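Alright, structures below, take your time with them.
Across the two complexes that follow, subunit A remains constant while its partner is subunit B and subsequently subunit C.
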Partner chain A sequence: MTFADLVQYVATGLLVGGVYALMSIGLALIFGVMRVVNFAQGDFMMLGMYLTYFFAIGYQVDPLLGALITIPPFFALGLLVHRVLLVRVTGGGDPQREMDAQLILTLGLSLIITNATTMILSPMPRGIRTAYATQAFAAGPILVNQARAYAFLMALLLAAAVYVFLTRTDLGKALRAAADDPEAAGYQGINVRAMHGIAFGVGIGLVAAAGGLLATYHPIEPTVAVNFIVLMFVAVVLGGLGSIPGAFVGGLLIGLVQSLTLLVLPFQLQNVGVFIAFLLVLYLRPQGLFGQRMRSV
Partner chain B sequence: MKATWVRLSGIIGAIALILGAAGGPVPLQPGPALAAEELKISLVAPLSGRWARQGQLKKMGAEMAIDEINSAGGIKALGGAKIVLREADAGDSVEKAVSAAQRVLSREKISAGIGSWLSSFTLGVTEVAERLQVPWFTLSYADTISERGFKYTFQSSPVSSLQAEQALDLILDLAKRNNQQIKKAALVGDNTAAIVFFFKPLREKLLKAKGIEIAVDEVWTPPLADATALVQKLRSAQPDIVFYGATNFPDSIQVLQKVKEFGLKVPFMGVGAWLVTPEYVQALGKELLDNIMSVTAAHPLKGQEELVDKFKKRTGEPFMTQDPLMTYYHVWLIKEAAERARSTDPKAIREAVTKLELTSGAAANALAPGRIRYDERGRRMWAAPIIVQWQGGEPFTIVPAELATRKPFWPAAK
Partner chain C sequence: MPTTLSRRASALLPFALLALAGLVLTFAIQERYHHRILTLTLVWATMGLSWNIISGYAGQISFGHQAFFGIGAYVTILLIVHLGLTPWIGMLVGAAAAVLAAVLIGFPTFRLAGIYFALATLAYPLILRIFMDFLGYQEVAIPMIRERAWVYMQFLDPRAYNLLVLAAFLAVFWLSHAIERSRLGYWLRALKENEPAAEAMGVDTFRCKMAAYMLSAAPPAIIGAIYAHAVLFVVTPDAVFGLLVIVQTLVVCLVGGAGSKWGPLLGAAIMVPLSETLDMTLGDRFPGIQGIVYGAALVLVMLFAPEGLYWRFRGLLVGRRSAPAAALQPIASPQPDAAAPRAVATDGTPILEAHGVSKAFLGLRAVEDVSFVVRQGEILGIIGPNGAGKTTLFNVLNGFLLPESGEVRHRGQPITGLRPNRICRRGIGRTFQVVRAFPHLTVLENVMVGAFVRDAAEPDARARASAALARIGLETRADLLPTGLTTLDLRLMELARCMATAPELVLLDEPLAGLGRDGIEVMMALIRRLRAEGVTVAIIEHTMHALVRLADRLVVLDHGRLIAEGPPAQVTRDPAVIEAYLGKRWLRHAEGLRA
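After this line comes the complex of A and B, so read on.
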């Protein structure tokens, strides 16, 4: 184990984590504002991968750009899903029953999306072939995969844009207000239901973009979500439920831990490191890294 | 994993209870064959979930054989009975596969069954078939499938442990004929059943017996987050050959991309037919795949050009591989058995298969060495692995030499 090896493991981990981070932000936003655990998040990511693929194959759009173009249609899709389905199970009513209904709805949505995609687009895996997927930036003995580096930078940019949107714009502030205290936000003239729709739209748009970035080096198949959905949830809980910066750091951490675990454990136990870190954080800081302590009853 | 077993044993227990209460396997007592009756074959394969593509390929092979048989007048001994396919989705778990088999076999009279691709699925599904006394044909590799004393299970692929042994001999011979020496080997793959059973004998005795050192031995649980560390190990160990078992497509793509990125030049020998599917060309391109080899149970041989052309034309697939070829073979085999049994009764068909010795016809021609017989354990005799190599964006049979469609090319190791 040389210093160069260590640097390589850290670099690899951060690059992998960057895309996890972007995936998780969308989930955190939806949970933070709406208090909905969206089990279909991974499936929207898969759809984002397919859309990027069709842009790339049909119109020769580079997937890095394609990932950006997927945001508006998926934002609209998110609004639609909220308007047609989610609105029926959020905002008002018995919270326990609502939560059950939300779980059933998003899980059902996930099953329908996966299976409809399998039926319509066939289960055959597809891939976007990019030159940079098999090329690396070399810094001495350290190799940094170009596709992953570009995807990482794009993920950083998008995350920064979300941060600016939430903290510097009126709409962003209204979103946060609706998240913090829906009732008080309502008294201030903020349309909480519309905020929910926007949060869901942005959350879906972001995860679709993360899918597009992932598609620069990862094959696309209808069941691709199962490889990522658990990691997304871990990232969100690790960072503190509903916290956007928390989810971002959580995603980065997961990539890093996955990579560094290999220094001490065999490949088979790669994700064991992630869950040990997860348990440790929950034990030492139950509210998550960036979470606020819940009032205890 | 544990939960899966608990659930599986629960299902099996429930089935056992139902059957026990009924005083034995009474459902499905087949009646006597009628003239021009249909012969129903069930295909239990994953048609949804992460292995759906394999199920789809299997179905293509079955449908092609059925069309051929039916358009040539069906089963003659049964007054031209047509073959009908009843497919059931094995999904993505053993319990789903078992309940699919249970459903399809108890709903109507099924004469024979095919499936279910993944060895763990096949182990479960054949239990149901055995209990309901329906002959079952499988391409799965695991040794255990034909080690349980089952009378209704027929395993057409060479079993994993034999594949490892025979494949190693074939590979060493191939290397020798290309003036290459193999001193260091790498074992790199995931921990799915077929790979584990293939690597185990290599790791424990076979390689040592040939004086080959194991330079890298890395096993992972799919999905692989990133292949950098793995390929880095290969690069620093410089093996003469890599035995490769990345059955999860995204994992495999990541590893092969990384091999290219690191400029690694070492022969890759895959373990199974998953490495020779058309989607690899689409995801990686021809050049990256060139010279990669794989050991499989079946692949189109010299003399099967017409069959392959026909398959390509009807399905739009760029080439034919183990999965459709094996189901194609199985349907034809069932047809031959039904001709001899003069019945659609599953027991009679099973009886006929055990006595069958074929040296001509579509079934015999589908698999090397062109002679079909099953031994008392239900294993296909003379079944031997085939080595396939990617050349110019298509996988060709390179071993056995007398049935090869291309000459092998051994990439010079650096």
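After this line comes the complex of A and C, so read on.
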């Protein structure tokens, strides 16, 4: 293996990791503000892929733009799911039981979405044809797929927008206040329930957009969620549950680990590296790379 | 004894009825398809029962239980294919492999709590699945054997599989019943409700979880092997390690109600025939209808009956046991033992010694270089203003916290670094500033959790717990849930639970907090009586007047440091103590008054 090979693997890993980072930010935002582990996150990503696909097929919208347009409808869908389902299992007594209930509720939701999509749209995989999907940028011996490069840049831009939103706007600050201390935020006149809805909407919008970006180079099928939800969990736990910069870095790292695993393990075992990294982080540093340890007693 | 006999009989009756119902169904059903539904119902009921042991009783949600199911199926099949070993033995090897896997998974994973544990368990079946693909076991067919087919678990008559699965189900049902009645069952329920409280009551929470995990790993391996023969014929990673396996397990358990042996059966009896029938009639036109039914079942049950149908129905039939507090007679003062003179038993032997104990949180020195001794038979008061480090000190003494430096000795032996359950077993009990009840256990069961430390058998623990309740004067509340009790009742319950562990020393963390005037008198009389009965008491308070009447000696903490020690009369005149409580200005005032 040459040095150029290594650079190639790192570059590929980082590019894929950028999209993972965007989807993981959505999950981390939802967990950070609401303390909900959303099992259906991968399914909303899958739906985002399909919406981008239909924009591309029906209206010739470039998927990079299509990914952006998915955000508003998925934000609305997130608000609705929060309002109709999650509110009912939030805010009653024992936090541990509540978390379990939310996890199982969203698992049920995930099953419904996957199977309903299979039923309505058929399990057949689809893809979006773009000119750049088969082109590559060349930097010396290093080749970079154009679709992945564009998707990576868009993901970076969106992640930066989220960062500005959370740190510079009043609404973003209110969200963070509701995440840090819901009770105190409530006393300051912040409607915590509304913040939960917004966090869920933004989280779903982001993962749908990430799905749209992914659709530029990844086949679209109803069962795609299962593989990605686990990667998102890993990225979010890696970065520290609920930490948004952590999730971003976690997503990049997952891309890197996936790519670098190929250097030592055969292709079929690509995700084994990811799971081993996940378990190692859980055992050695359960609070994640960026999270703070929760008090146990 | 007639009572034990009738208890046995009452336990056997539902078991016999279930066996009978299973046999009747097996031989009454005519269509092959219905036999299949019966087999599947019992398969998923058994999986639900197994999952229920770790996730229902012990409350540790496992999303990776299909790992054991798949291990059982694969080990059994591969032993047939490669070694020609009969599956009757192969599935036992599979079960052993599953238990071994549970140990290997459990050791690192039980260090994680709650959601982290659940997420970590997700990874294991995924890893196994990838490896099975990698090793070339994408499809392993069971070789057809025509001669002596029964040796290879191959039957033409579907009733044979019905009976086989029924036997497995009944075995796991019986196991669940035994766990519910056993010390392990009580301890699992306790640690599910409140892990630190269970640990402080002598429950080795790690070992209990591990035992539950191992017990819950073996049956899925057996049922996985049977499922492969009765239903699959060709084993694939997706069929045995896939998401649908854990989903069906979760569905039957959660719909029926986790935490009871009846829940998974009820859930399976409803959900499996429903989804199979839908799949049969609509599956061709609507692929994925089963997934939608399962998903909808999970969503609906979490929205409308998160505890599950069994508990919902039971709640309707039996009614809540937490009677309104108003209906209860207040606890009568136990007669203070007037004959017990103060400090009679103090022979000066040190029971517990702290040497230079320090503990800091993120740089905040909560306890700093504290040394003191608790002597046999005394009531030692530990006082100090809010935030003086009193509770932190107790948490170090009973093992919740590891001090940065210093040592704690019990009867001369170092106990620093021992887990709280070990310290409890050595005879050091404790209560909490905010009562830590096990809310879904009755008052008697709460106390039994402590009693099991000394009595392994359930009837003995029950008797010990009843005696502890009577000793405290709380026997009239025995069958109530803690939720409706007054603060005094709760504090008494916690004291009884602590006493049931037969401690020689009790650490009481603000036992008077939140009590009315009468309550304080009741509690103080009780504490005096405990001491008269030979129990040494260390007690935290921040109100001085109560302790001055109660304690033989006082230790005063301020800002984590020990600032005074001695008899109450001396300590209350100590300028450092007055300053700590009232500030410098009052100190001058007090000196002025004295002068």
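We adopt the following convention: the second predicted complex is superposed on the first by the 289 of 297 C-alpha atoms of A that agree within 3 Å, B and C clash if a C-alpha of one lies under 4 Å from a C-alpha of the other, contacts with A are read in each partner's own complex, and residues count from 1 in each chain.
To be clear about the criterion, a residue touches a chain if its C-beta (ideal position, glycine included) is under 8 Å from a C-beta of that chain, and two chains touch if they have at least 3 such contacts.
Since this is a predicted model, take the numbers as computed values, not measurements.
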{"item": "Superposition on subunit A - do subunit B and subunit C clash or fit", "value": "clash"}
{"item": "Subunit B versus subunit C as contact partner of A:T134, first or second or both or neither", "value": "first"}
{"item": "Which of subunit B and subunit C A:Q268 touches, first, second, both or neither", "value": "both"}
{"item": "First (subunit B), second (subunit C), both or neither touched by A:R126", "value": "first"}
{"item": "Touched partner set for A:S24, first subunit B, second subunit C, both or neither", "value": "neither"}
{"item": "Partner chain in contact with A:N115 - subunit B first, subunit C second, else both or neither", "value": "both"}
{"item": "Which of subunit B and subunit C A:E221 touches, first, second, both or neither", "value": "first"}
{"item": "Contacts of A:Y9 with subunit B and subunit C, given as first, second, both or neither", "value": "first"}
{"item": "Touching both subunit B and subunit C, residues of subunit A", "value": "115, 118, 123, 226, 266, 268, 271"}
{"item": "Residues of subunit C defined as touching subunit A within the complex", "value": "59, 61, 108-109, 111-116, 118-120, 122-123, 126-127, 130-131, 133-134, 196, 243, 247, 250, 254, 286-292, 294-299, 302-303, 306, 395, 400-401"}
{"item": "List of subunit A residues in touch with subunit C within their complex", "value": "37, 85, 88-89, 96-97, 99-105, 107-116, 118-119, 123, 226, 230, 233, 237, 241, 266, 268-269, 271-272, 275-276, 278-279, 282-283, 286, 296-297"}
{"item": "Of subunit B, residues touching subunit A in the complex", "value": "48-50, 52-53, 55-56, 92, 191, 218-221, 223-226, 228-230, 232, 249-250, 253-254, 257-258, 260-262, 278-279, 282-285, 288"}
{"item": "Partner subunit B, residues of subunit A touching it in the complex", "value": "5, 8-9, 12, 15-16, 115, 118, 122-127, 129, 133-136, 143, 145, 217-219, 221-224, 226-227, 255, 258-259, 262, 266-268, 270-271"}
